[in-house]
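Next come the structures, one after another.
Shared chain: chain A. Partners: chain B in the first complex, chain C in the second.
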Partner chain A sequence: MTRANIALLILIGCVAALPLFGGAYALRLGTIACMYAILALSWNVVGGFAGYPSFATAAFFGFGAYATGVLMNDGLSLWLSVVMAAVAALLLAAMLGAVLLRLRGHYFAIASLSLAEVLRELVNNATDLTGGGMGLNIPLVSGSSVLGDAMFFFYAMLGLLLATALMAMAVAGSKLGFGLACIRQNETASSMVGLNTTLYKSVAFGLSACFVAAAGGIYAAWVHYIDPSDVFDILYSVKPIVMALMGGLGSPLGVACGAFLYLGLEEVVWRNYIQIHTGVLGLLIVMLLLFLPHGLVSLRAGMFGRKTKHV
Partner chain B sequence: MSEILRLQNVSRHFSGLQALREVTLAVAKGEVLGLIGPNGAGKTTLVNTICGVTPANSGTITFDGADITKIKTYQAARRGLSRTFQIVQPFAEFTALDNVAAAALFSRPGESLKSAREEARAHLAFVGLDAQAGRSAATLTLAMRKRLELAKALAMRPKLLFLDEVNAGLNSAEVERATRLIHELAGQGITIVMIEHLMKVVLNVCTRIAVLHNGALIADGAPREVISNPAVVEAYLGQQYAHRHAGHG
Partner chain C sequence: MHAAQILINALVLGCLYACIAIGFSLVWGVLNVINLIHGSFIVLGAYLAFGLYYSLHLSPWYAVVVAAPLFFVLGYLLQRLLLNRVIHAPVLVTLTLTFGLDLILNNAMIYFFKADYRKLTLAPPLGSVSVLDVVVPVDRLIATLAALALTGLLYLLLRRSRVGRAIVAVRLDRDAAVLMGVNVEQIYAIAFGIGAALAGCAGVLMALIFPISPLTSSGYLGKAFVVCVLGGLGSVSGALAGGLLLALVEGVGSTLFGPSHATTLSFVLLIVFLILRPQGLLGRKGFE
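After this line comes the complex of A and B, so read on.
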């Protein structure tokens, strides 16, 4: 296990201690922090490791939210619904990936962007199943107390974050991760040395989708009510990319740090500049990317650099 | 000698441009075939077509007893067709060692990263890059990157090796070194098809020469016969060259 991976696990451990220090607000923030980190770590598998700029995060987030919501309304338990949504997303993404990932660069970005729009329209029109534009109510899970509920969903999201982080680390250190790094650097040369690029990219896309869908499912159960414009929001596609860029593309530790930093900035800016918060946030992001183009990990390149491990 | 590769009436066009016209060519096991011709003749396209990068529009390609006309690039690589690129294609962020390890790793399903890296060291040593194993490929000189390409190709344990202008852009000492390497490979019994503009190298190394011109094969045979063939002189070598070499023939 590399130092960066240990640091990432310690970081997640610190987040786990959050309930000791605060009430409902801290738990809410912690839940969102975990969710953001899940989205960013997942995006990093296809965007950071393989170098394919996917804008499909919102599509799989919404897919997971709706799949879980519909299944729970059919009487299934939360856990079963979330697992089924994640598996369905994995298969769906792997199949779509085999087609979409033949496009490169901007073309892939646009195609993946349209995926969320397509799913949103489908959900909007399948009124009988999803409630369409009216949204979907989701049964309460525990219903013990407000704080108990908050605690439950915080730990659910945290557990999923841990699983996502372990997946990201396993991929980074495996033959799959090595192959994705080859694809990112030179796809032509990759297939020339016998790498089945379509298979590798599809697996990466599937892995990046399934944890996002699970996060969407937990989110849906957490907020009890979802509608298409909420869970298929394009911001769910854009934010993970910004987080990954802020933290350091390709490094799971960096990406997780980026997610927490992003949430911190978002929260501080929102509280202090409520009327111009998106503008201020945008400015901060631009400044960060200008002055720290390789993200937070570049601050300690010697300690956490991902290139050093291949010597 | 038995046949390892056969192209039968292979054609390939890119919309209006006919890059290969009904090429029929056989390569025998263990030979070193020189593929020459003017720029744009279709030499690299021919290699791309065999390796599945730009599949043939018509005709058939047989390799090692199997029909590979419609094969995908990575499948071609796993069957033992390996190549170097005219314009070097390293994994720029990787070290030289990992570049070669990637080739060993993915050309054989089931290979582990650890054993691939071990094997990679031997190939780097063979091409004289062992001292550069830990350097990132982007920092190597052109001559080194050309040799890195060769090490990558060898790590795939090729049955048939395509060398696409391995000497282009090298100085004469480097060319000599590369030529020695090719001789050694041929000595190991690897079948080689090389695209090369330096006639000195072609005549030094190749046991047979095939000439492409406008996508068609215009000559194929023993080196001395081919370079005195009037059609080849007309299309590629030029009168002066033929004159100079007539005496040696």
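After this line comes the complex of A and C, so read on.
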């Protein structure tokens, strides 16, 4: 286990101690922080390790949210629904990935971007199953106090974050991670030396989708009401990319730090400039790309004994 | 007669789609940048037409003439000052940068113009013409002709003028163009400026037909994506073919399955095309 991975686990441990210090607001922030970190770490498997510019995060987030919501309305328990949604997303993404991941560069970006649009329109039109544009109400889970409920979802999201972080570390240290790094550097060459690139990319895409869908499921149960324009919001695809760019592409620790930092900035901007907060977010993105293209990790590359990976 | 009406509607809408997409296609083809700010440029153009009509009583036909140079300068400066700095960076970076710029522009429009839907209504309405039961509103007809004229103008510019030839040369082979003495950075900025000018003009024409709101920009952008992929990148004829095909599929699809499924259909078509024929209808293989 590398020092960066240990640092990441310690970071997650620090987040776990959050309820000791704050009330409901801190819990809410902590839950969102965990969710953002899950999205960013999952995206990093495809976007950072394999270097594929995926904009499909929103698609699988919404898919997971709706799958969980529909299953829970059928009377299934939260855990069973989330697990089923995650497995369904894994299979869906692996199948779609086998087709979509043959595209490269801009074409892959556009195809993954339109995946969210297609799913949103399908959900919008399947009024019988999903409630369409009216949205979907999701039954309450615990029925205990408000604070107890908040605590429950915070730890659910934190547990999922831990699982995601372990997945990202396992992938980074395994043959799969090595194969993905080869694909990022030169896909044609890695395919020539006998790497099954389509299989590797599909597995990575599926893994990434699986955890995003689970996060979507917990989110849906947490907020009790979802509608297509909320959970298929294109910002769910873009935010993880900004977080990863902020922290440093490819390094799980960097990406997780990027997610927490991003949430902090977002919260400050949102609270102070409600009317122009998306504009400030845009400005932040532009500044980041122009002045710090390799993320925060590049500022102290030597500190973690590992150089930032470039796309 | 029903079929003829669908066909005419598709033809009119297809030319407008081509006009929306052509600037986007030019920028993607020449600079290899997916310009996510395109949709907001179109909406900004629509607001320009709206403002000129209600404050100066300037008809949208003249607003096109005002919009083109303004947007050209805007696009030129944007490319020169910002995009040019990351032009050789990977897809992810340029795409995310234009996304950030789009957030800024869109938020600024919501802030200054509010998110309310507005409509530019010409003082004496133009009415509609009908030939053998096929009805076409005159404002749509004129916008279509103007869109065709703009498309033709770009075609002439690319074929006949010195700058146009240089743009095509950079598109075909950037390195060879450098060796032939083309100032590539200048050409990039000019191509981006032309793309922005076309978006602004398209916006002026859209103001005649569709309601105006900053929220409509992603819809325009989505159409531009689909048209580009369907028709093939960077060519004028490709954008026209893609626009017509998209309008036809949407028209026939919404007649058969109901209008709510038209968007789904167009994006499914996009993904099918990306997989089976990524070079588009008129593109050549290996041209990227």
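The rule is short, and it goes like this: the second predicted complex is superposed on the first by the 304 of 311 C-alpha atoms of A that agree within 3 Å, B and C clash if a C-alpha of one lies under 4 Å from a C-alpha of the other, contacts with A are read in each partner's own complex, and residues count from 1 in each chain.
Heads up, the rule we're going with is that a contact is a pair of C-beta atoms (placed from the backbone, for glycine too) under 8 Å apart; a residue touches a chain by one contact, two chains touch by 3 or more.
Since this is a predicted model, take the numbers as computed values, not measurements.
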Q) Which one hits more chain A residues, chain B or chain C? A) C
Q: Determine, under the contact definition given at the top, whether A:V70 touches first (chain B), second (chain C), both, or neither.
A: neither
Q.
Just to be sure I read the superposition right, which of the two partners does A:T197 touch: chain B = first, chain C = second, or both, or neither?
A. first
Q: Mind working out whether A:A59 is in touch with chain B, chain C, both or neither, as first, second, both or neither?
A: neither
Q: Once the structures are superposed on A, label A:C257 by its partner contacts, choosing first (chain B), second (chain C), both or neither.
A: neither
Q) Is A:A40 in contact with chain B, with chain C, with both, or with neither (first, second, both, neither)? A) neither
Q.
Let me test your reading of the model: by the given contact rule, A:Q185 touches which partner, first (chain B), second (chain C), both or neither?
A. first
Q. What residues on chain A does chain C touch that chain B touches too?
A. 311
Q: Report the residues of chain C in contact with chain A in the complex, numbered from low to high.
A: 28, 32, 34, 82, 85-86, 89-93, 95-97, 99-108, 111, 218, 222, 225, 229, 260-261, 263-264, 267-268, 270-271, 274-275, 278
Q: Give every residue of chain A touching chain C within the complex, in rising order.
A: 47, 51, 53, 99-100, 102-103, 105-107, 109-111, 113-115, 117-118, 121-122, 124-125, 234, 238, 241-242, 245, 275-279, 281-286, 289-290, 293, 311
Q) In their complex, what parts of chain A are in touch with chain B? A) 174-175, 178-179, 181-182, 185-186, 188-197, 307, 310-311
Q. If you look only at chain B, which of its residues touch chain A in the complex?
A. 51, 53, 72-74, 77-78, 82-83, 85, 89-95, 97-98, 102-103, 105-108, 112-113, 134, 136, 152, 156
